[in-house]
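Quick one: this structure, given as structure tokens, is what I'll be asking you about.
Going in written order, the chains are labelled A, B, C, D and E, and every chain counts its residues from 1.
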């Protein structure tokens, strides 16, 4: 599935996955997957369990090396498949994991402090001093995710959902160019789900977002282009209505 | 103060406990015997036992504790050379007395230390002489196998020089070192076998230490290297080590010491009996470092009796010239160099774990602190009586080593 | 030198000896001896009561030369240290294996009272050599082919020309191919060193020796002087090259074998740790002490057998194995129940606690058994060695390899295919969830730790056969065991297997030229570098599963 | 069948459950709803015994199980599908399912066919390590494992989290099916209101560690429910 | 909300610790040198030497706690850095002996003379210079740690794998230094020192000075550690300890962080070793023994991992126990005591002495706050306290 219209020199895409294949012990989790995210775009990714959505994020963030294919970032400036996690993160790609992962021994506040956009070098952190703007930013983020009351709680003692929120907050504090959000509303109430959609749309004003979700109401609420993955490649792409009308999508994913 | 305190500085735990615990028991036994005789100069002896735990800096700490805190009159202790080196500065600083009962590499004579174990000329060189003799098998080719540390290294250096002086070619000497506790001897034993099948009578001189011996001999036995083919003469294997072995396959291999339990002598028989009674173990064996401890202890007792005090300086000055019976029928004497005279015996391993004397020196051999076979030491002499120096240079006529 | 004495004997004498010896074999088996010839044999006997090595040497030669039928049993008794003498009564007695005494002078059971000062006629190595040579020529026609083989080998070594006639006669009568070959080689050896043998004979002999192809053959060829005839020298050169090639080949096989053997020891020592550390995640510093307990169990079993049931000695290991498993296993369970179980989820604390346990166990054993080595013997089936092509295979190593293999397969099977194995793995992967599906986690934890400890215990049984049994035994294996488990990849039994064998073989290939110390250092450096390449060991588990 | 009366649960000094009382009946589904961090999971942990309760009692089939260990409760017929799935990562799918045999007699040790009918993916992945499965697949495996135990009380903590819509429907059908068997009591913790309303015979809403609203499905007051949820 | 760095560094515990350490450093020399030996207040030179040794152990423990407690790097080979620092100092002290050695060779140390060495190996050059030797005390351990860490952390060797290769490292060094050919005196090591900077190493004054310097170094290193762990850098370290991968995804270059602290820690261990050698009078390869490194880790665990003060305290407690019980009647049984101490600590003081204390204090505070907030009726769960299931840091 090589697409002639794109190559690393001419693409205007923010993120360009080109013919990515990943297999584990012979099992193909991603199969010649290609797709494009334009600058400023928000994209929803859906697809059956095991379709390869998380693996795709792993590839983008450098956790998993693709067997074949390239991942270009920022109009082809960087080939992510040759960079490591830290370099990729430094380029401005932030991620929320499917299983919430926060720094359990740190307080909520410290989690955010670590996430704040700052110089991440050894020297900088050794001699770092907090500034009022940064304090304000932390307050703001905490406000957004409604964790203000838990500011000094140790993150390990949060409930599952609270950790989800904290992770979203960390992503916000990190202020990346591209956000990869894996199942943000899992375990949230309907009201919260809608609030999250609202939040993401808000973020999308300035940043690009890739969001993976199974909650169709949420995806619909986002109102963005939807890609449905299946068995490691794109099965359908388009508006939520188009995609959910697709027979194959209904068959393998939505069910009748 | 109505007792005389005696420090016992032997490891009771860690790797060296295996050898040193017996020496602690020996000192306690000697103290017990002495107290039965009424102590010394009317005072009872009291042991102060510490456990330096096979940890060399701990030896120094414990030595200091014994001397400074417990105010012992004398210390019996140490096995490895490094432990002795570690406590040396302490004994010098606090001016106390150490009796060191183990065969060692020599190259040392300190005012505060009395060496009752063998110097290389009291063990290694006579053993090699024996092997080169008709009775010893007319050995022409030599394997010097040892654990990789100072005592074997030095002993082997001396032996190499000695053998070469006797016309042995470089190619007829094989030197091999193994780490402490080496357990897999397959390759080395097979190499020895190979080296020994070059058509010349070959022998192994083993300075392999403690723990490594059992697997070494087991492998030797299993690979069928018999004493008649390639005899092994060991300097660190005695009755105590053999007690952990089935010696039947090893019959005829040799050890060179200054004492064997099997030596037929009334003094020895009595000693063994008393020792076994004391330890309540009729099978408890005796060995060479024990004998060295006994001799040292008796010499110290005599010296204290002679000067009537335990004052270190007086006792140190009194010791040279003191004689005490060894357990093989002779009378050992403390020499001005703080080493003693000893007979050298070569024994063959028997099926019952004892050793049979097959050869011995005519008289007693005086211990030589500085070997005659190494260039750095051949001009050195130790004499604490007239020269008052442990490293007098006979060429420059100065105390304080060779200079250069 | 024995050869000189025998040399001077007439041919007749020697044949007479052989005939008489043959008779002896037939008759002597029943214990009855033919009456002695008066003369040299009797004259030899006083030499044994002098308690002097040189007198004994002369006496041996005289006895061997005497032609008396009593000579062979006498010499055999001397060799077995059953020949005793009384200096006071000037008597030489043979102590029969059943403890009865035989008068050496008559060969008849000794009737009088046994003298009080009886002691063994002492030997030294020179005498043993003399004795071997004498006995060698006397046993070339023994009924037992192994004896004849040994006799031929001893002639090969002594290369004593005087044996030649006996050898030729024995050769003519020999049926057994192996013995025959050995005798041919012995004959060739004599021909090679003989000064007057014709060149053609020598060349033929060199060919025979070449085919023997071992170190001894090489040694023999070394003795041929450089001034030998050119065609002989050419044959020697060719033979030497041939043997060298052969030896080089076998040297590789030997290294492999040694490596395999060392590897299996490492594996055996590590395999219990692969359970307690690899599977359970307990940094088990007391693992070595579990091995030690197994070794001490073997010692105790052998002590009991030695004092009570000496006949069972060959079964001592078979008895010790289950007992060691139980002893170490029980101690393991006790440790798990009393300490480790409070530490799940805090793996690093287990380091602290098990280190403490290891100190306590070591000192407890030291207090109970004393600090010195304990003697653990090899049963007969684990002693000695046999030749396999150009290498020597010792039985104890062979059995340890076999045994290790069995333990490994059994353990693997148990973990893979039994319910207990499944529950063990489940519990160690997620203790609280295992409880939630109804697995009795406490029991499984105890059993798992007990199993790992028990296996360490049986490793101790095997290690007691090649190493010290002392309180320090465990310390010698703990570091290597951790290296093996980690190098292979924690949590993977196959990794432990391959890791142990790799390290064993690598070590043995390095040792011959680097020496034991540097080889060991090289292996450690290799492990450090290897872990850089594969940060989770050789058989690393991959994928998300491990991060979960 | 299950009667929970006035239980309190603490994490250290922090109280997570405050006097919670609840019942569950065979053939009925009790749905527990509530925002993040209100104590839903804590309630289930108390029921399976992973966390001790400070006050109150739990009666299961007439027996007081408050003091029993997790193992004993599991063996007594309580199965648990935890939030976060908690599958055994290094065991294969097959083996993960087999861990559920623990409470069963030897003769019953077979994975029920229902499991594969409900979750066909599992059948095709029997040899794969559980930890390698995708999130949703793991969720299915966790439910399958619980069903293998043939429980009489099934506790499900947000089982639809991370699951594709068609399988959520399947799970819904599965729960209905299990309910229809009539011998199993089910407690379902859920955030997904539609799903809960569809399945729950009895609905419970929690807030700050206490139950703030409960009602049978038949007399459910939607308004009150939403209000309770939105506090 | 952020306090001044200095205030963060010097919380109450740290201040108390430093004050005590200072008092100790003043009191001991005074009581040794100025109080007459007959007074019951007199501190014997034996005790001075002993305490000096403990301080060095305390510093070693501190260096281990920095990496183990805060980054989760369990080094089972830290004794190697300690020993290397010790050897560097030992080499200086050897060169100071000059012609006072038994062979009176002005250049060659005794062990070289009697093994027939003809000239000084190149790596011994310069060690007669104190400044150079002190540089090497930091440089050698630091360089080794840097090179080792550079490879290991880049290759992402973590957890037990890292622990075991550090053990392999120290074990390999042990074997190497054992070898006489290595040029460091083989098994006997370096000993029989005479002077340090012209002062007799055995003089009481020198001993006291060394004790004071050791205390000073401990204080300085303690402050460095505190500065590191209370900075944002320290928070990154803890983040790495708890979720290394996550930290990477956040853009932190984990290996640089680890490398930095690992090297700093190795240098501290080197300093500890360098101060230790003149006080005990010998350095030999047994300091590289893996068991020593494990034991040092155990001091930290006993005192309380991740508390810094605890590490120092643990070193004191364990070593004092050892000193106390290896003498007299109990000598054959002291291992039972020590083993029992280790087992008892894990069971009854699971966070170590200091850790358990602070946890208990926090618990008390949390409870009272919980009560207060419950009374205030907000129902919100109190703000301090840690999760009840500890994540398994560093594996």
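Criterion: a residue touches a chain if its C-beta (ideal position, glycine included) is under 8 Å from a C-beta of that chain, and two chains touch if they have at least 3 such contacts.
Quick caveat: nothing in here was measured; it's all calculated off a predicted structure.
Trainee: If every chain is reduced to the average of its C-alpha atoms, which one ends up farthest from subunit A?
Mentor: The chain farthest from subunit A, judged by C-alpha centres, is B.
Trainee: Measuring from the mean of all protein Cα atoms shown, which chain centre lies nearest?
Mentor: E
Trainee: B-E versus A-E: which interface comes out with more C-beta contact pairs?
Mentor: So, comparing the two chain pairs, more contacts are at B-E.
Trainee: Among the chains, which has its CA centre at the largest distance from subunit E's?
Mentor: D
Trainee: If you average the CA atoms of subunit B and of subunit D, how many Å lie between those two points?
Mentor: One centre to the other, that is 75 Å.
Trainee: Find the geometric centre of each of subunit A and subunit C from their Cα atoms only, then give the gap between the two centres in Å, rounded to an integer.
Mentor: 65
Trainee: Taking each chain's centre as the mean position of its Cα atoms, how many Å separate subunit D from subunit E?
Mentor: Distance between chain centres: 50 Å.
Trainee: Spell out, as numbers or ranges, the residues of subunit E touching 2 or more other chains.
Mentor: 175, 178-179, 245, 332, 335, 381, 385, 388-389, 393
Trainee: Quick check: what residues of subunit A touch more than one other chain, meaning two or more?
Mentor: Within subunit A, residues 24, 157 contact more than one other chain.
Trainee: In subunit C, which residues are in touch with two or more of the other chains?
Mentor: In subunit C, 362-363, 475, 517, 520, 543, 547 touch at least two other chains.
Trainee: Using the touch rule from the top, collect the residues of subunit D that touch subunit E in their complex.
Mentor: Against subunit E, the touching part of subunit D is residues 11-16, 208-209.
Trainee: For the complex, which residues does subunit C have touching subunit D?
Mentor: For subunit C paired with subunit D, touching residues are 419, 422-423, 425-426, 429-430, 432-442, 491, 541, 543-548.
Trainee: What residues on subunit D touch subunit C, complex-wise?
Mentor: Touching subunit C: residues 48, 50, 69-71, 74-75, 79-80, 82, 86-91, 95, 98-103, 129-132, 145-146, 149 of subunit D.
Trainee: Can you check the complex and tell me which residues of subunit D touch subunit A?
Mentor: By the definition above, subunit D touches subunit A via 11, 14, 33-37, 41, 83-84, 121, 128, 132-137, 139-140, 158, 161-170, 191-193, 229-230.
Trainee: Flag every residue of subunit B that touches subunit C in the complex, lowest number first.
Mentor: 12-15, 17-18, 21-22, 134-137, 148, 176-179, 181-184, 186-188, 190-191, 193-194, 197-199, 211, 214-215, 218-219, 221-224, 226-228, 231, 240-241, 243-246, 249, 251-252, 348, 351, 353, 356, 358
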